[in-house]
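To keep things simple, chains are lettered A, B, C, D, E and F as they appear, and every chain counts its residues starting from 1.
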């Protein structure tokens, strides 16, 4: 009988803090994540391990971990056979998906992938890059780059590098000539763990709670008091697809209206509500939302 | 036709973090403010620029910016012709307004501005300082000081320097002999932008949302359950000028009471409510408040 | 007549930030705690002083302070005659109480306190350690250690050192052979101050507010809409010992249910509520809770 | 009779460390320069004050200081009437003089100063910039910029900014269209101080010692043993303009040759000397050199 | 005709500072190494590039660089066809060569490589590790580890990791069961560059100068005055294999003795010389030594 | 037979870096002092331990260490029975000895120790302070202070605190009313170790080498070429008590003069030498000097 514990890999580095913040919002208490590779969590059925996103899918595929968080790019690079539980859009409002792009110096004559025939390409994503050029029938030497890849664009023929906003590409005076891969964070599970009843349910619960925490990040609770006569007018200002909760007050002339609403919608609605006669309007932050 | 975009200046430095926090509370998502002078905001009708408070009003007056945040002191110093939208008291509860004071070494014989006749005054606020002495008919040489002005008080005759709590003045063993100017943060607009329908409305909306976020900083939501018999007694404990929302519960014997209340008032009321029989009392934080 | 001011000692160092966060949650505004040993608080009847936990109880006993926060260990070490107002469990969910343990190198032959007869013990807690050995009739030389005590375990015979998780003990390859003292944070008062009507009430109010803030740390507010038919089913899912607030909605078919619930309980209940038909479920953070 | 003390201004900021290193090489011991604006020096006839390079010349001209170090640019900007003692080339080998350049965005149509007619120029060097445009008869509005001037090139018409290697100009995608001023560090004296016998001699001594320390930075001592027969051959390899010191050894067959030589020359001579038969060749660092 | 420039790769990271210090001692002036990947050097025939030691040999083999500094381990791992110019022992006195070792948890049953049959090995040095196990006929899965390899020893079967002093191995409670490779720094050249007359000479000169600087690190110059009668006695105290330079003084009764001597030898000789009657003994630091 | 190893304690904290620098100048190579409490030294007969200066003398007296460096103050405070090998004046030129002073707030009425009768004194140096007041027959309560003692001067009656320049005393607005102790660094040995032939000689050698390194810190080597006719004149400029080394040159018309001279003397002599006709004057740094 397998032990009732889920081994869960957390990506070290740029996603680490965001992931722990999500766990916090989801009601978990995680400690020791700055000092140790094995942070503690207040759920005895979960054991955490910090690993680089680049190697996560291999440890999940090997069964060293039951599940973990990593990028779609590194699942492809490692060509790992894992079950994808769900996509995690850490913040709906602002984050753009990361892209791996083929880039050359601004001053280079190269304008399309074919112009790189016979050249050297530096990248951290060797496997995906080799496959990309093979499929196009272009003959290049792909070399693994240990960081600072942008700097090497002027030493070799071109690079394949990760970019979110394109600002690092611009700062190094490079030009993008193609996009190889668009990547977002995925929650993945080992195929055997996914067949284990306990582990599957545990993984699903974590997925539900994290998504509830993500949803809560761009939503606020809004409350106001409304005169009975104004109620219809007020309800029309609120977004139609959300259902406001209207509750009776002791003072029969008034009703209390409460609604969950997107941050960005709240910004435009607040002044309108005031003009329409709502009083005591306020918004407050949420931890989790399950629509 | 003018483009539907508002160019908005954010003060770099001591007010920067507080300003971005306010925008966050007001429901805006601002990113990239540590690395770039052009932070991104999730509202396509706003473009942000980070500039020193000292030069903000000049760029607004010139029309380089449509609006911006700066101190009253630097509007005066630059003698800028701008429209003042509103005052922004970042935190009602604790912040004292900043003052520009005339100070001399503790051991100096000087006790009043007139004693400085013929002397040298070091200050960052050259224009205001010159005008101050001219109006008093005192002849001094006012020199621009590039920071560390307190240190120069012993090199020249006196200084005019900014102080909030007076602690830096004391730490340098100086004595204040007059106050030239009291300054708070202002939201200012270019005069032409203020005549543009789109820009004026956009500026006003921002002003409403920021003030709602400021109001929310010193207020909490408070909720409790009250036995029908105790309701009058409880309502008398709550601040009279606020109107609590009383709602019926399924259990008819009880009512739920909710009220927005100042942080500092909550501190003294909580124990009284408990003694008066309220149960399940709790407070929660707010993002925005429009009374 | 004694002045209407309470002199309150805050422990500098590891507890400092946690203590100020608690004051913040409790509705106080504290500023200047990074730069000054005398932070300002927005309550004119309180004066704060930052002092090391080790010396706090002596200043309270001497009457230099009216009250203060410190560990049980240092009250014992200083043998201070003070009134203990209450224990403060900064976070119910995760913090383990700190223990002072007797430890020796892993490779040492020593297995029990008696084996240390005639040896040298290095520790910061000299008084308690001396008493411990005296009571056991073991003759050792106890020397005060100025930090880095673990390192000295290999220079002398053994050490008495503070540990929470035991990780520093392990990292230095030491072995625990006994526990001398288990310590938690205490709120203590000077015996005369406790007899002063104003001071006692002030101290009690602070105790109530801090405990309400501590309680709020592991609790969230949870709200949902429930169809009248499902209400019983839903109420059974919620923890029995908490009493949910059920309020009528305008739409008579639905009721709103609100409940305060432990973070950790919320994690397991959220998915069940969803399956049981609750809609618009969300959780939100609290500042203070008085049950 | 004037007091036997020289008040000497040291530039705070980028030159500060280099200046104190020079004083150290010159045999002075300076302490407290990180904490205080009045560093101590082990010469009772000198008092140091740290001031920004921008305001140094004004305080020297006013007589607040007897002498000081600053850039040629700020002497011009302040239009200060001071005596220039000497130029100080902090390091002969590598430092390029700083230049104030007129720059515009790469994508701008502007190619010459005349194209800026009617525009706005942002700069820290307002006076010099105004004079430059006036002399060319070009009408522009020159505004003082509080730092981050490169960023403003896209807000206004153009900027005048300091650059050493041009890298910051390139990183901000700007184009240089003219150079207004080339600046190096100067040692300046108050005109009255320069007439005072004590102060003049003290200033001259400091100038000699600092220049001896600067000269020593790019020079090393080189020593070797040479067989009497090889002496002529070896001496021809050494730079002709330097005079080597040849001393007799106890062993009459050998002579010791010692010479002061430029770092960069040593690099190419060392292998040649070895091939020519010199033995025990070594180089050692110098503190001061007076040719 | 090939351009008269040598492209030289400097290892980024742990060896970077030591390498630039050596260049400095060797008489070169290198600037901009903190901010840029292309530091400037005051020799127009050399262009520097900062690259990770791990990828250096590949860029040298490809001809992207003419020469570079890297470890023997990464030359083997990359299996690069390059010319090895010389070994560089950065500091003769103290540095131990780095070793790649096979390690397992202390509590593991594994005692020899064969026990790992069928297991997983995590390492940064995949190629060398695979070859090691293949040659022994042991079947293991070797996986690339992205840093923090020691932590993974408890996730997989064993690790191959770099260690100098073994302290990191011990700190993670691991046990070494074999050594795969001992590595030191090498100066390597591209095979074509090594055939180019200009480049070969340039590379050799750099090698001579760097080795002269390395030699100078553990050697000091020592000088003393010796009475003619004591000369023989003194010379016997000095190391026999070094030839002291004895020069005549104006005062015929005395001679000056100068010698280059190891740091560590100087420590034991200094007191003996004093007792033997030498006077005015002193030692001074060296930049370069060519024996 | 005792093992041929000397256990040597190095003071952790403010003296640590200075001590290791001295060891470096003295020809020892010490590594690992940032990470470990047991730094390595390239002398197999020495083992180093880092300990706080406050507890050093106790460990030396107990025999846990053979010798160590600490302040005179803490030898007195611990009342330790140790052999004092020598005083170490880390830098002759500038360092003032540290003093333990009795201080009170500037605004206090207290002007002499006797005024403190019946009060509380906070200090880190409890033993020395108690003895001081006992000898004067003044009755005070002396309490151990855990750092930040200056801050406590306003909580208790007075403090006894360490000061070098008095600046911290001034910054806290305190007034010194007496000096209890003047302290410098001492090299101390265990009484038994001092009777051991090997250990005593080892300790003495270290003392000689460290003192030679200290002497070298304020001295430079100076060299110049002098025309035979000018020799007498030049020798008169040089300090009489030092004996310059005059050596014959190949060119009989000139002699080379070399002398060791104080940094501060060099500053005033250099210009005079130049005027007197010396040529090729230069100075160079020293590592060790034994007069």
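The rule is simple: a residue touches a chain if its C-beta (ideal position, glycine included) is under 8 Å from a C-beta of that chain, and two chains touch if they have at least 3 such contacts.
Quantities reported herein were computed from a predicted structural model and do not represent experimental measurements.
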Shared chain contacts [chain D and chain F, defined touch]: E
Of all other chains, the one whose Cα centre sits farthest from chain F: A
Listed chain pair C-F, D-F or A-E that repeats interface D-E [over half of contact pairs the same by residue number]: D-F
Longest centre-to-centre distance from chain C, chain (CA-based): D
Proportion of interface numbers common to chain C and chain F (over half same, under half different): same
Between the pairs B-D and B-C, the one where more C-beta pairs touch: B-C
For chain E paired with chain F, centre-to-centre distance based on mean C-alpha positions, whole Å: 35
Centroid spacing, where centroids are CA-atom means, of chain A and chain F in whole angstrom: 58
Per-residue overlap in chain E, given as positions that touch at least 2 other chains: 247-248, 284-285
Those chain pairs that satisfy the touch definition: A-B, A-C, A-E, B-C, B-D, C-F, D-E, D-F, E-F
Interfacial residue positions of chain D with respect to chain B in the complex: 12, 37, 49-52, 54-55, 58-59, 62, 64-65, 120, 141, 143-148, 151-152, 155-156
Residue numbers on chain D that touch chain E, as the complex places them: 93-94, 165, 167, 220, 225, 247-251, 254, 256, 263-264, 266-268, 270-271, 273-274, 279-285
Partner chain C, residues of chain A touching it in the complex: 26-29, 31-32, 36, 42-43, 205, 208-209, 212, 216, 219, 221, 243, 245-248, 255, 258, 260, 284-291
